[in-house]
C-alpha cells in the first residue's frame, strides 16, 4: 500500500525543503511518497528557538495539517524538535497519523540504548525539551542535555565548526555523563549523525530521519490494523459544526 | 503600590467579562486595578475544550499579553484551566508576571491539603490537564479527576443541576478517592465553590479566584524583591530585532 | 532491501507456529521473509506463565537467537509478553536487532493513547509485567491491569467465552479505569483485537502483530542508518574467546 | 482587612528578632501587623542545624503557635528552612494558617523558574531538606544543593566572606548545574539575595521574605474565601477534651 | 554476642509494656535482652494518632534514647508506626542503632511481596504514613491504605470486632486493590496478624514484631561489620560542647 | 532454631568456595549451618559480567535452588550482584526464602544512609544494576555508580591495586557525588570494605556479608512468624503436575 507523508518545516523559510525532500526520497520505502512544505513565506520566524515563535505559527501549522488530511496524506510530521502542536494536530486528524521529532527519536533511542543524551543548540531550549522527555516517559533514561551554544541557523554554516563542537559534546556525554545513545535535538542538525556514530560507536539518532521512519511505521500500523490515535479522550476531534461555524481552519 | 492586572478570557465571547470583573472588584486588594478582556468577537471558539481551539487563539492571546505589558499591567492571567501559552507568555513578558488557573490552584491546593481531586467537565479534558499536574510537580498529590459530563457552557445554565452533579462528584472524590482538597477545573465552574466547601468541610479551590490572588501575590514579589520569571533559560525573551523584523505581535 | 525476521515461540510446542506464520505472511511488508520456530519439542513448558518456566527455556532461546544471526536474520522476536532474555539476546547479537511483545506494544500504545490498560490472563502475571512497564518508562501512562482469569491455553479454546470476558474487561478498563488504549498482554490472545477495537472505539494492540511490525521498523533503521542496539554498556557483547572457550551457545 | 502575622525564630536567642521585625515592617502590606518572637531565652539551641535541636524545641514552638491563634494571629511562620513541626502546627491551628521557609520558597521558585538550586550552609543539612523538596513535589525541578561550608552563625559574621562564597556557589549552580532560579536555604542567609540576583540575572529567593509574603497571601485566601488547611485528614485537630485532659499546650 | 534492645512505647501509659515485654521475650534470639519502657506517667498522650501528640513527647523520647545508649543498649526501637523522631534519634546515637515500625515493616514487606497494603486505624493517619512510604522508597509498591475506622485504644477492646473489620479490610486489599502482602499499620494492632495470614495466604507483617527483629538484625551488622547509621550527613551527631552547654538531654 | 543456608556461587569455578565458606563460618550466628557450592565444573562462565552468561547458567542455578529446598535448607543466596533468577527461585521455593546481594545490600544501605553509591567493576554492569536499584525502590537514594574499570577476576589479583582504585572511587563518591553510604557491587570485591569504611568514616556494605546476614534474618522471620515470600501473585509456585510432566528441574 502506498504511504503518503507530508513533512512540514514549520517556519516561514523554504531554505531546507529541497534538501529534506531529497534526503527523504533517498531513504524512504518503495511505496512512500513524500512532500516537504514550509509555511507561507514572508516576514515570520525562520526558526523556532523561542516558544513564542512556535505559538505564532501554530494556527498555520494546524491548517496545513488539516489540509494534509483532506489532500489524502496518511501521515504528517511537524518538523521541529519541540514537537509543537502535536496534541492539537492529532485532535483535528480523523484518520491521519501525526508525529514529530522528539517523540520518534526518544522512542527509538530508548529501544536501542539505556541512557540518552540530547545534543541541543542552546541551553534556552532545554526546559521545554525536558518537559517532553518527561511527558513521553523517558525521564529515567535521560543522562544529560549537552548544549553546543549555537543557534538553529548556525549548524549548517561551517560544517567543520559544528562537527567539532558536536564531537566534543558527544564525547563528554558518553564519557562523563554515561550516555550510551545520543539524540541530535534539532532537525537542522542534519548531516552529522553518521560520523559521530562511527567515531563513538554508539547510535546517534538524527532528528529528521527518525520521525520520517516513525511516520512510515505508524502509517503501516494504521493501514493494516486500524491502530491510530485514540479518539476517546485527549485526541478527540472537535465537533464538525463548531469547526464550521467558527471557520476555524 | 498599585497592582494592575489583566484577566484574559481567551475566547471570542465577552459573555463572562462583566461577571468576572465585578467578582474580582469585590475581592481584590485595595491597590489593585483589574480589567477583564476577551478576544476579538466574531466567529471563533467560545470555549477551549479542544486543544486545537486553544491553538487557533494562541497568537491573539499572546498579542493581548504583549500589549498588556506595554499598557503597564503588572500581571496578566490567561483564564483557562489548560493554562494555554503560559511559556510563550512568560517569554515575551519582560517584567510583567503571567499566571494561569491550574498553576495557581494547584500550588494553593498542595499547600492546604495533601490529596487533590480536580472536578472537570468532561473526561476529554483529563489528559491535557494531567500533563500539567505532572509538569507542576503535583502528580504524587493527585487523588483523582472527576468528570461532571458537562461542557463549559453547561455549568451556568441550570445552577441546580450543576450543583447536584458537582456535589456528587465532590463527595465521591472525598469519600472514595481519599481527596482532602478539591479544585474546580474550569474557570466557568464559578459560583459553586463555597457551598460545596461548606457542605464537605474541605477547601474547594475556585479556578478564577485562585489565579487572581496568585497574580496579586506574584506582583508583590516582583515589585518588592525583583522576583519574576527567570529569563535565563526557558522564559528567555526573543531578540527584539527578530520580533520587529518578523512583525510578530 | 530484504528483511529477514525470525519469530520465536519460546515454548516446546509448535502448536501456534503455522497460524503465526500465516498471519505474519498476510501482514508483512513486500520485502520481508518471516520464519516461525518454537523450541525443541519434547517434555518442557508449552506456556510461560511462570517465570521459572521462562528461565528453564532461556538458554535454548538464546541459542536460537545466536543461530538466527548466523543464519542471516535481520531481527529476532522473542514471542512472549514477559519479554524474556531480551537483554541477553541483545548482548549476543552483533548486528541483528531483537525485540519482544511488551516493549513493542507499549511504545506503540504510548504513541497512540495516553492511558493504557493491559489485559492479561491471570493476576499472577501482573508483577513481572508491571516491572517491565516501569522499566520501559510507561508507569505514568498505566491505567490498570485487567485479568481475564484464564491461562495461556484457554484463550483459543472457546472463542466466544474468551471474547465475552475480554469485552467485559476492556469495557471496564475504558469506563472505570480511564484507559484510552488497550494492550492484549499475551501473544496467544491473538484474533480478538479488531472486534474489541471496533466495539469500543479505542486502539487495541495485539501482542504479536505489534512486535512483528516493530521488528520490521527496527531492521529498517539498522539497514538505512546503522542504528541498532548500543554495544557500549548494557548490550555489550561478550568476548568471543570466552564464549568459544566455554562452548556457550 | 487586617492581617496579623507572627514570625517565630524557633531558637533560644533573640539575636535576630529586631532585624527581622524591621525588615518585615519595611516590606509588609499596608494592613499587616507583624510580630517577631523567639523562644524562651536561657540555655538551649541558638540554631537548628541538627534535627535533634529542632526536636528539643518543638513543644515550645507548638505552644507558641497555639497561643498565637488564641491571641488572634491570622498566620504563624516557623522561621527555619527545615520547616519544623509544620504538620503539628497545622493540626492545632483551627483557623490560623501556618507556613514555613522551604515550603514558601519552593512554591515561588517553581513558579518563577524551572530548575532550582538551594544554597545551604553545610552538606549535613541536605538530606533533611531534600526530603522536604520531594515531599512538596519539586524533586524533578531540583538542579542541586550547593554547600557554603558555613554554619548558621557564620553567615552574618563577615559579609564579604559570605558574599564571596555565595557568589561562587551561585555561579556554579547556574553555570554547571543548570539552575535558573536560586533559593537561599537558611533564614539567616538574609541580606544577600539582591546582590546575587543582580549579578547573575536569575531570581534569588530569600528564605525569610518568601514565607512572610506567602503568609500574607494565605491569610488573604483564608479571609476572603475560607480556604485554609484541610481539617479532614492529615491536619485534623486533636479532640479538645484530650488536649485539655493531658494539659498538652 | 549479647544484644541489648530497648523498646520504647512512646506514650505516657505503661498499659502495653508487660504484654510487649513478654511477647518479645518469647520470640527473641538467645542472646537478646529486651526491656520495654514507656514515658513518664501522668497527664499526657496515651496514643499518638495526632502528630502534635508525637511532637509534645519527642523531647522525652529523645532523652530516653540518649540514656539508652549511655546505659549500654545496642538498639532502641521507637514503637509507633509514624516512626517519630527517627532522624534525631540517629543523630544523637553515636553507636547504637535505632529503628521503628514503618521502616522495618516496609523493608520486610517489599522483600516478601510486590504490592503492599497498609491497614490503619483511621484515614487521618494516612497522609503522614504515606510520606514515610515515599521517603523509604516504597511508593511504587503501595497498593492501598485501608482504614478500620478505629482508634488506637479500640483495637484491643473487643477482639472479635477488630478481627472482623481487619478481615474485611484485608480481603478487600487483596482482592480489589491487588495487594499480595499486608502491613498492620499500628503497634497496637498486635495479636491479629497470624490469623489473617492463615486465612488469606499472604504474609501479614505485625508492626511490633517486625522492628524488633529488624533491630536484632541491625545490631548484628553493627557488631560484626561496624555497619551503623552513616554519621557523615543527615545523621551526624551534634557537637558535644553545644549539647552540654545547652543542657539538651 | 537451626538455620541452614546455602550460598550459591553461580559460576562454574569453585575458586572462591573455600574462602566464602570460612568467612561465613566466622561471622554466622550460633545456630547457623552454611554450605557454599558452585555450579558443575567444566567449560562454562567463571564470572557473570554479561547477562548472557547469567542466562546460560540460570537453569542450573534453579535446579540447585530446588534441590536446596528438598535438602532442607532454610534459605538460599544467589551470590551475584545482578541478583539473577531471583523471581524464579522464589516461585519454585515453597517455604525456603531466597535472597541475593543487591537486594540485601540496598535495603541495608537505605536504612543506614540516605545517599548511596555503588562501586562496580565496569560501566558495562551499570544498566542492569540500575534496573534493580529502581525495581527495589531505591532510585531516589542513588548518588552514583563508580566504575573501577576492573573485571571480576581482577579484584583479588593485586590487592594493593584494587584497594587504591577502590579508595579513589569511594572518595569521589563521597566528596563529589554526595554519597554517605557505599555498596561494593560485586561479591568478589570481598576483603576491602572495612579498610575503606575506616578511612572514609561511612558504612561500606560488602556484597557477600550483607545477603548472608539478610538470609539469617529472613529465615528467622519465616520460622517465628511464618513470613515468607507471598505465593499469591508474582512468586506463585508452578503446578506440581506441570513441573513433573515437563521434568523441569
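Per-chain residue numbering starts at 1, and chain names A, B, C, D, E and F are given in the order in which the chains are listed.
The working rule: a residue touches a chain if its C-beta (ideal position, glycine included) is under 8 Å from a C-beta of that chain, and two chains touch if they have at least 3 such contacts.
As the structure is a prediction and not an experimental result, all values here were calculated from the model.
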### Message
If each hop has to land on a touching chain, what is the smallest number of hops from subunit B to subunit C?
### Response
1
### Message
For subunit C and subunit F, which third chains touch each of them?
### Response
A, E
### Task
State which chains count as neighbours of subunit A and simultaneously of subunit C.
B, F
### Classification of the subunit D:subunit E interface as same or different, half of numbers criterion
same
#### Entry: Farthest-lying chain, centroid of Cα atoms versus that of subunit E
A
### Task
Please work out the Cα centroid separation of subunit A and subunit B, and write it as a whole number of Å.
30
### Task
Please compute the C-alpha centroid of subunit B, do the same for subunit F, then give the distance between them in whole Å.
52
### Task
Let me have the rounded angstrom distance from the C-alpha centre of subunit D over to the C-alpha centre of subunit F, please.
44
### Task
Could you list the positions in subunit D whose residues touch two or more of the other chains?
114-115, 123, 126-127, 134, 139-140, 178, 180, 233-234
### Task
Make each chain a node and each touching pair an edge, then name the shape: line, ring, star, complete, other.
other
### Which pairs of chains touch, using the document's own definition
A-B, A-C, A-D, A-F, B-C, B-D, B-E, C-E, C-F, D-E, D-F, E-F
#### Entry: subunit D contact footprint on subunit B (complex, rising order)
27, 29-30, 99, 103, 107-108, 110-115, 136-141, 174, 178, 180-181, 193-194, 197-198, 201-203, 205-206, 209, 213-214, 216-218, 220-221, 224-235
## Note on the structure
In the complex, subunit A touches subunit F at residues 114-115, 140, 178, 180
### subunit F to subunit A touching residues, read off their complex
123, 126-127, 130, 134, 139, 145
### subunit E residues within the subunit D interface of the complex
12, 43-45, 49-56, 58-59, 62, 85, 87-89, 91-92, 123-124, 126-128, 131, 134-135, 233-234, 236-238, 242, 245-249
